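By written order: A, B, C and D. Residues from 1 in each chain.
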Amino acid sequence: MKKLINKPEDVVTEELQGIAAAHADLVRVQFNPHVIVRADAPVQGKVGLVSGGGSGHEPMHGGFVGPGMLDAACPGEVFTSPTPDQMLDATKAVNGGAGVLHIVKNYTGDVMNFEMAAELAGGESIEVQAVVIDDDVAVQDSLYTAGRRGVGTTVLAEKICGAAAEEGRPLAEVADLCRKVNANGRSMGMALTSCIVPAAGKPTFELGDDEMEIGIGIHGEPGRERMKLAPASEIVEKLAVPIVEDLPFESGDQVLAFVNGMGGTPLIELYVIYNDLTKLLDGRGITITRNLIGPYITSLEMAGCSITLLKLDDELTRLWDAPVKTAGLRWAA
Amino acid sequence: MAESEQASRRMSLGHDDVLRWIRAFGTEVDANKEQLTQLDAAVGDGDHGINMQRGMSAVLVKVDAAGEEQDIGALLKTVGMTLVSTVGGAGGPLYGTLFLQMGMAVAGKDELSPDDWAAALEAGIAGVQARGKAEPGDKTMIDALIPGRDALKAALAGGASFEDALRQSADAAGQGMRDTVPLVARKGRASYLGERSAGHQDPGATSSHLLLEAAAETWGEPEQTG
Amino acid sequence: MKKLINKPEDVVTEELQGIAAAHADLVRVQFNPHVIVRADAPVQGKVGLVSGGGSGHEPMHGGFVGPGMLDAACPGEVFTSPTPDQMLDATKAVNGGAGVLHIVKNYTGDVMNFEMAAELAGGESIEVQAVVIDDDVAVQDSLYTAGRRGVGTTVLAEKICGAAAEEGRPLAEVADLCRKVNANGRSMGMALTSCIVPAAGKPTFELGDDEMEIGIGIHGEPGRERMKLAPASEIVEKLAVPIVEDLPFESGDQVLAFVNGMGGTPLIELYVIYNDLTKLLDGRGITITRNLIGPYITSLEMAGCSITLLKLDDELTRLWDAPVKTAGLRWAA
Amino acid sequence: MAESEQASRRMSLGHDDVLRWIRAFGTEVDANKEQLTQLDAAVGDGDHGINMQRGMSAVLVKVDAAGEEQDIGALLKTVGMTLVSTVGGAGGPLYGTLFLQMGMAVAGKDELSPDDWAAALEAGIAGVQARGKAEPGDKTMIDALIPGRDALKAALAGGASFEDALRQSADAAGQGMRDTVPLVARKGRASYLGERSAGHQDPGATSSHLLLEAAAETWGEPEQTG
């Protein structure tokens, strides 16, 4: 295992110490239990946005705490959902009287822990709504299973709902908007290499030198199929066609295209992927009007990428463009 | 079992017995951390052993600190709360709920009869199902817990000694655990794999077997009398 | 070789097509020869800032073209200095009448190609000054050698000089400022793994599973020494102590600390490094007043990091804080 | 050499000869791309073979397109300009300058005597030194070029045939190339390695040897008369 760390068991705490030292202007970090809170929280009268999940996906979620995006993030151990006490602390810290939205990625662990937290927050009379993001088309959906995973759309939902909350919209509306983003976003990812969970010390899965895994999750969960390495244009087809056909995205649609790096893949490759994606979408009459390219929802040092498409309308576009000031995403009006 | 051994048969569990079981489970989790993690890597995200071990170490510190003041219900609730706040993932809420509900079922008691134990287990499992919505055959810890519970109840109802009932319970859990191998997962992270989840043993069922095995081994020894 | 590419020989062109499609609001891309130019270039009366170098270091330099930073970037082939015709085209495209500054990283190839370009630009009566960045303390400096390499300080110089040019300062002043940044910045890097040049198809160097290379360049050039893998805190010491002692940075100094990812190292590890760096500098009475953490000057998919420290004064701090709007660095006032 | 062979000895180079040399260099670079890249990986950034190959392919396209209209000086300048604008790195300006300065030295000529060739090489090398500031012993292409130039001039001055002089030139360049192995680099990317650059052959000296070797081989054959 080759990592820039000290002891595996200290990675998350030391990362948070680093974040606390680097971004004191944006966030406060609470250490027991771990919570990253917007520096000026709670913002009175504003809906509080809380998300969280296992660590190892940086900058998500801690890097998205700040004006225009999240009010708090709960970082779990690496790839392990955080616990209800973290979420309860976060919820209390960001409650400015207008209620709190939990943005939850659809993993059994995340869902159950956020449920327990919401029950506890209810006990303290804080109004909480939860929206579950489940946008990963690599997973077959069914009433009888855990359903689809939450992946790339989470980042977009956090940005867009963050902007809406900043405008002072009420909890029910922000929650509806979050469901709308989820309903219009679809993702799929792939890996060229496995990642290594620090505490495990060895790769979660083995891939041959000429193999890749399509439909991978963000925790090194195995994907839909393993296949021979292929050129970028074929990889884009393997990812984007299921996405496009699932919603479906249709000729005339305007989309936000999010090409995400898994952590070990450099930007130069993401632009090659983006280039192939523009060609594929062009061929189907779908227009990219906004884009996001870079490592935003990662899987430790995994090499690979994911593609997320979000169907845009004027409202979503306007909220996407609204100012945001976080360590991970930052722009002005 | 011979008449002469009747005298040493365990008829109830005290605070200390329950504590020994919890410690034994902790030891088992420690010893099998690697295997649990390997199993989880095959169908999940490779952290089940790490998570459970982190949780059980915290539990042992906690129950040591709590001392013997607590009744058994409170002790089990402490275990549950500690797991909830230290394990995370799916394992945290599920094992946390298991212990919390067991604790609720025996609230205030300082001694558990075999039937109390069976009732506690039943309540704990009901909690796991309420939280996780898993049915038997979904390839989860439920597939070890339910056969374990059923075997325990059947054995006790059939007049078996507590020791025998615990052994049958653990063995049934072991069988349930092995029976998860061919199953296609419908709950938890393994469900993302669809058909590819078949052929692997469920990590949660494996840790649940360890839990019931720890009970059989800890309490299966003749009671120290005197 | 596991990369998200099509043909190795097309990587740079396809990357640039991706950049052109993604960032049309910020830049124009010219393909023959390759030049990335600020969308509104030339800005009349403003000093034009041109940099360039081999590709494979993204977002540097193309991702730093835009208001408040570079006016143009010349991307060479992967790890290969661009050619004088690219630089000449860039220089002509950004010349708004106030002259053009070439920010050149100190590599023989870059220096010679920029020299030839400046000679050619002189022939077309464009006033050009060149500043060479040579901040890498891993390299022994001497009058008789090629001197130190240009690494992390380049990013900081481009940002700071970009802000000064935006204020309308004359060429000589912007060039002096660039020399000042270079004089006050020091860097050193390390690698956990090699990178693979696409056209070569195999790792530039081999590192054992328990080895790392200290003092690495950004092109997979071998470093100062190869040693056994060590904890993050020791790695920080190996990098930061030579940096601190070289300038030297002294108790009471205020610095910008730049923890850079080499391309294959995820953010979580960079924050662990940053945390150890804060401790080391604290111990020496040096205060970090600004920071930059992330993959900004990369080496393809190499895993590893570099540390750059820049001694700040009020002027440098103010110019660092000034607005910038590029694909790679973006913030408002 | 026997009197009878005198007649077939080459006394001058035409446009076509120079073109054949350029093509031969291109072929050598192609064939040794891998080795040049390996050598550069050891002490540099592993692109010397790739860069030179990209440049020489562009050169071949360019000189084919240019046809035979050009005089030799113009031909060499075209090669130089093409290398400057396609190779990049250190190799681009250095090899570009080499050919540009050679072209300047023989501007307007349609035929080169052995002495013209020696003068062109001398001018080219002077250009490389003006651009790169390398001295002999710095572990660069200069360490192959200068012995090659000196051997050529000495042989011609000693009355050797052009063929023999070219062979001696190429061999001296080869020796110079091998002599770079123990050197500690003082110029170029390898200088960053300090002492660690010793023990490796310089990639640029290797490609420069190929250049002079291509001349010896292309022009060393008895001239086709008739």
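A few remarks follow.
By definition in this document, a residue touches a chain if its C-beta (ideal position, glycine included) is under 8 Å from a C-beta of that chain, and two chains touch if they have at least 3 such contacts.
Small disclaimer: the values here were computed from a predicted structure and weren't measured.
Looking at subunit B and subunit C, the chains that touch each of them are A.
Subunit A and subunit C have Cα centroids lying 29 Å from one another.
If you average the CA atoms of subunit A and of subunit D, the two centres end up 56 Å from each other.
Subunit B has its Cα centroid 34 Å from the Cα centroid of subunit A. One finds 78 Å separating the Cα centroids of subunit B and subunit D. Two chains count as a pair here when they touch; such pairs are A-B, A-C, C-D.
Taken together, the subunit C residues at the contact with subunit D in this complex read 33, 54, 76-85, 107-109, 112-113, 115-116, 138-140, 144-146, 149, 197, 199-200, 204-205, 217, 219-222. Considering their complex, residues 2-7, 11, 14-19, 21-22, 55-56, 58-59, 63, 192-193, 209, 212, 229, 231-233, 235, 263-276, 278, 288, 291, 293, 295, 298, 300-301, 303-305, 323, 327, 330-332 of subunit A touch subunit C.
Chain contact summary for the complex, subunit B toward subunit A: residues 37, 41, 43-47, 50-51, 54, 84-94, 131-132, 185-189, 191-194, 196.
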